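Before I ask anything, here is the structure I am working with.
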Amino acid sequence: MSSIFGRFLQISTFGESHGVGLGVVIDGVPAGIPIPIEMIQQELDRRRPGTSQYVTQRKETDQVELLSGIHEGRSLGSPIAMLVRNKDARSKDYKAINTLFRPGHADYTYFKKYGIPPQSGGGRASGRETLARVAAGAIAKAILKPYGIHIQAYTIKIGSIQAIHINPDFAETHPLRCADPDKAEDMESLVKQVQSEHDSIGGMIEVIANGVMPGLGDPVFHKLDATIAGAMVSIGAVKGIEFGGGFALTEKKGSESNDPISLSPPISNHAGGILGGISNGAPILIRLAIKPTPSISKDQQTIDILGEEKTISIKGRHDPCICPRICPVAEAMMALVLADALLKRNAELGIMNQIM
Amino acid sequence: MSSIFGRFLQISTFGESHGVGLGVVIDGVPAGIPIPIEMIQQELDRRRPGTSQYVTQRKETDQVELLSGIHEGRSLGSPIAMLVRNKDARSKDYKAINTLFRPGHADYTYFKKYGIPPQSGGGRASGRETLARVAAGAIAKAILKPYGIHIQAYTIKIGSIQAIHINPDFAETHPLRCADPDKAEDMESLVKQVQSEHDSIGGMIEVIANGVMPGLGDPVFHKLDATIAGAMVSIGAVKGIEFGGGFALTEKKGSESNDPISLSPPISNHAGGILGGISNGAPILIRLAIKPTPSISKDQQTIDILGEEKTISIKGRHDPCICPRICPVAEAMMALVLADALLKRNAELGIMNQIM
Amino acid sequence: MSSIFGRFLQISTFGESHGVGLGVVIDGVPAGIPIPIEMIQQELDRRRPGTSQYVTQRKETDQVELLSGIHEGRSLGSPIAMLVRNKDARSKDYKAINTLFRPGHADYTYFKKYGIPPQSGGGRASGRETLARVAAGAIAKAILKPYGIHIQAYTIKIGSIQAIHINPDFAETHPLRCADPDKAEDMESLVKQVQSEHDSIGGMIEVIANGVMPGLGDPVFHKLDATIAGAMVSIGAVKGIEFGGGFALTEKKGSESNDPISLSPPISNHAGGILGGISNGAPILIRLAIKPTPSISKDQQTIDILGEEKTISIKGRHDPCICPRICPVAEAMMALVLADALLKRNAELGIMNQIM
Amino acid sequence: MSSIFGRFLQISTFGESHGVGLGVVIDGVPAGIPIPIEMIQQELDRRRPGTSQYVTQRKETDQVELLSGIHEGRSLGSPIAMLVRNKDARSKDYKAINTLFRPGHADYTYFKKYGIPPQSGGGRASGRETLARVAAGAIAKAILKPYGIHIQAYTIKIGSIQAIHINPDFAETHPLRCADPDKAEDMESLVKQVQSEHDSIGGMIEVIANGVMPGLGDPVFHKLDATIAGAMVSIGAVKGIEFGGGFALTEKKGSESNDPISLSPPISNHAGGILGGISNGAPILIRLAIKPTPSISKDQQTIDILGEEKTISIKGRHDPCICPRICPVAEAMMALVLADALLKRNAELGIMNQIM
């Protein structure tokens, strides 16, 4: 069940990064939803490496292959299965380090759990696993679209360079998905410099969902924010998440932190669009802490599977900053959570309407 | 399903803060586990208000009533049900504001979702709901104990006062659960001052789990950190969570962020004890952003259920800083997640051992 | 999770037959549903022993205690918890046989699984466990009522005496819930005779759900009939289930077995109201095989927990035929399955309507 | 979630009978289990049509394509995905009846639920869906094998011809999987005759699981028999299930129905290997009622999607008796249920052993 997500809209992902390919089955999509295959491909293209010099230069065309569930551009009501084949698996880059545990990677924990030596390509821990999420997220976005719900993610920080004036449209055009045109050059310079040092750099992304109606999410354990947190932290490099005011609220007073309720447009959204685990109609707003890519060609200290201390230098093609690649994945996870909550909400609304 | 949590160890909570009481059913506890009723009561006492001047002065004795599943101090293998009755429900304090939506509370979202007017006591959104979590967490701790797994939560920040030298044992003796003896007085002064201003203040708590063996947690969606994130953000006032290095890693390079692997004791734990979603044997370390208590007696702007703008002042007894009350709840959620993961781990280990 | 049932409407039951009491938490009930407490009590009274000479003469008043989730006769949207206390636990009747495994009972399997000696009262395997199901079923019936869905169960066979002309209304008035007035006396005589022989007798009940709209249930694993089968066989004494034409179809040809589709009222319902796992609008019709009560005072061969062969005679008060007692439980399980499917159906209908 | 099955070992199936192909993802398989690809293919070959004159003459080679989760003949611990492509989709046979609802089929209910016209090939309701179950079942069998658990299904009745002397080995060699060599010819004659009448015939199969240790399954809702019932009735043509003594017990007395417990080999297995929902160590024994194949070329009365009354004759290639084709599917479902229960059992045993 480790690769199954959701309650009403359930996805089941599979695939190893250096095997046949990556795939996903989406169960619970009602019939008749318009889902053009190009829309799915477009989402996959957004996460694809090779689109700029700051992201991995692998030539992965990542063409989605539709296996079931969609006919003539509409969902059938049956599970939608998709496969993206691996094309460019240069495992020789990885071979040299095959018995060494890469620091910051899942090599050691997978070895302890599965008894399997450090994998070329990282098994289920590779970033390529997120392909399946993005494909599934495209389906979820198609469910949300008729409701006017729109989700966007963008980079708001790389190293210590912080975006101030957020322009999500600009982000979509920028190789680092930097949301602040004024900080775009600085961010690019920093990434180039880090790359030249054979190192990598962390950052932060923001995800916003506009058009969410009040009433999504449930009290107690299935709070909308709790579900979003679980969904986002399941993405490889995410080391933290905050909602609305987030960590800054730890220094605030109640009189500053509470969003006043009025008939005029809201003046603050410290709640991040969620109160008591239920959406309140304001935009849902979260930020994710992204750790630096652990794959660096700089020398690092490690041990091998025999327990001997070694030095490791990870060759191959790696993103110096993973933020722009995480954005479409975070959007996908947000879409999946919201579509799931929407199905739940419709279930209860249907019953409540019958009584009236 | 909003009040059901867990996959192998499943808890189902119920109760309203101003109804009969709060309760929980815990399903999936193997037979024969020693669970002294005093241990459960002790955990409940740790979260109880009225233990100091900084927490609500309600006289809630919160005696746990065991309904099933434990016989002569040991689990039977059947569901364990517990009830804590409400004793001191002074609903008149709340009556005055019964038609007003309290800012920062779930009143508005519950009204939109359930069509129910702002509740005296907050329905399922009241902090009293966490009683059931703590009772269940005590059972989870009993499952973890024979494995030597120990969990502790403590306050590391109130307002801008930050704990530096962490001493968890000291925290257990302090009314604010402040973990740094040198900052305890400053934190107390700040809380007193805020209280005198009819306001409240945010803060931060840290949760550590020691003794966790490698191999807990699963790849992809049921990563141990993802499950912990979902569990923690489901606690009322939590607006953010970070793991190990957390948000600070956003400014770090890969060469700084990766924990070197060596035969000597580890020099860093930026991963927070989890890599690729699986425990690596280091302590699991998280921090939670706690927003200021939204219930303040200071005047605030709001609307009522008829849509008219009003001023609200929330009388009654409220915690000026909720951090010390969140600590036992966060411990409970961590214990529930780890016990669940432990059951899953035993399931796979059993099969793997059979093959060898 | 062994005591949790359902996907959208989830119930979690607890309690031992000779402990504090039996209870249930129902999660997922939308807000505002009219649920009079008397209606719940009425359902419990229908399953209560002591109502005739053919059912156990224990004096269990089985008063339901509402712990949460209903306020002024309507659901709040929060979990509904109910407790029925044990009043008349004469465990001394059971004491004498405390180390012997009762044939046909769960004593031996519980001992192997939990290491717990044969229980006075049977732990979770006692028939008293079904109280919680009936209480939960009453809530499910309240959800179904506004849709005009009505469920009834009645006895159609005891021993070899088979009901021919089914009259469900008559069944409701008869101590054995015999559905055929012409066979009622024969059934009564048989049960009396078996009782005088210190023995018990098997039988069959039928459950019908009228007013079910087409479209409930899902293909493949969550077929409506599959879910009903799982629900019904989870009731203690049920050793078989059949749908519509059932086992008789094994001797039929396709041309006889297929229900013709026409504009006139249907002439047959061999499908039992379900095709491809989805309701077709015809009444849902099932039959359950009920084994004879295993508790008999006649001498039986067994072993004790030390492995020595013994003779056992089970004193105490036992139903010579359990069919009338199973009826309300089977109705409850049917109601829970249909209410769950209805929530699911509303979820997908809501989305589909949004597109049009 | 309609196509997801299991709790610890979860399978997610997909595919339409006349689309790209059928597939399955199996999540929760521990690492290191030997799973030769030939073993999976062999199971698929057992359910394949075209192996005799009594089963559909389509030329489906049904070659399994492994997409993930197995490397060098052993499970990796990651999800195992498999695809079987559709090769021989002669949809023209179906075209003629494309707007008519086939009696006994899911056409009408799918139309009401999904708004989709009667499908060529039947969508998810086609028998070809079971391919995915058989592939998944092969994995489950590989998990059970090291425990010595062995499952077999065979035909025990066709029309009114009932097997008396059961020989499972003979069944494996016989085109109808008839378990009684003395009845094999009669069964064959009956099937030939029915086929010549453009009709079909029902039957019964038995499934036995040998080598099951005591302790599998859980009380109340996840009783082993309840889970098996849900699994089996989810197979298309199954209209009934009984355990051990089954429906015959409805005419028995308790003194006849209870299996005596002794130190000698058991003389009866009326319980079918399960008491109180938990395996008792005896063989698990069930029987399934299989309805006649609804696809017959004989004229039948129906309506079309415009609501007009029509006559339908279903051309194409159809099994006159589906029993032999159901056998491998029933084995697969039994294997999936038992492997799931085994994982659960290992989870609790692991914890219980830690305490001792």
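We call the chains A, B, C and D, going by the order they appear; numbering starts again at 1 in every chain.
The criterion applied here is as follows: a contact is a pair of C-beta atoms (placed from the backbone, for glycine too) under 8 Å apart; a residue touches a chain by one contact, two chains touch by 3 or more.
Predicted, not measured: the structure shown is a model, and the values here were computed from it.
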- Query: Of all the other chains, whose mean CA position lies farthest from subunit C?
  - Reply: A
- Message: Please tell me whether B-D or B-C has the greater number of C-beta pairs in contact.
- Response: B-C
- Task: Please compute the C-alpha centroid of subunit B, do the same for subunit D, then give the distance between them in whole Å.
- Result: 45
- Query: Quick one: subunit B and subunit C, Cα centre-to-centre, how many Å?
  - Reply: 38
- Message: Can you pull out the residues of subunit A that are in contact with at least two other chains?
- Response: 1-4, 7-8, 13, 31-32, 77-78, 113, 115, 123-124, 219, 352
- Quick one: in the complex, what on subunit C touches subunit D? 1-5, 7, 13, 101, 103-106, 108-110, 112-113, 115, 123-125, 129, 157, 159-160, 194, 197, 199-204, 214-215, 218-223, 225-234, 236, 239-247, 249-263, 270-272, 274-281, 289-296, 298, 300-303, 307, 309, 352
- Sites on subunit D touched by subunit A in the complex: 1-4, 7-8, 10, 12-16, 19-21, 23, 25, 27-28, 31-32, 66-69, 71, 76-81, 83, 113-116, 123-124
- Task: Can you check the complex and tell me which residues of subunit A touch subunit C?
- Result: 7-8, 30-34, 77-78, 143, 146-147, 219, 342-352, 354-355
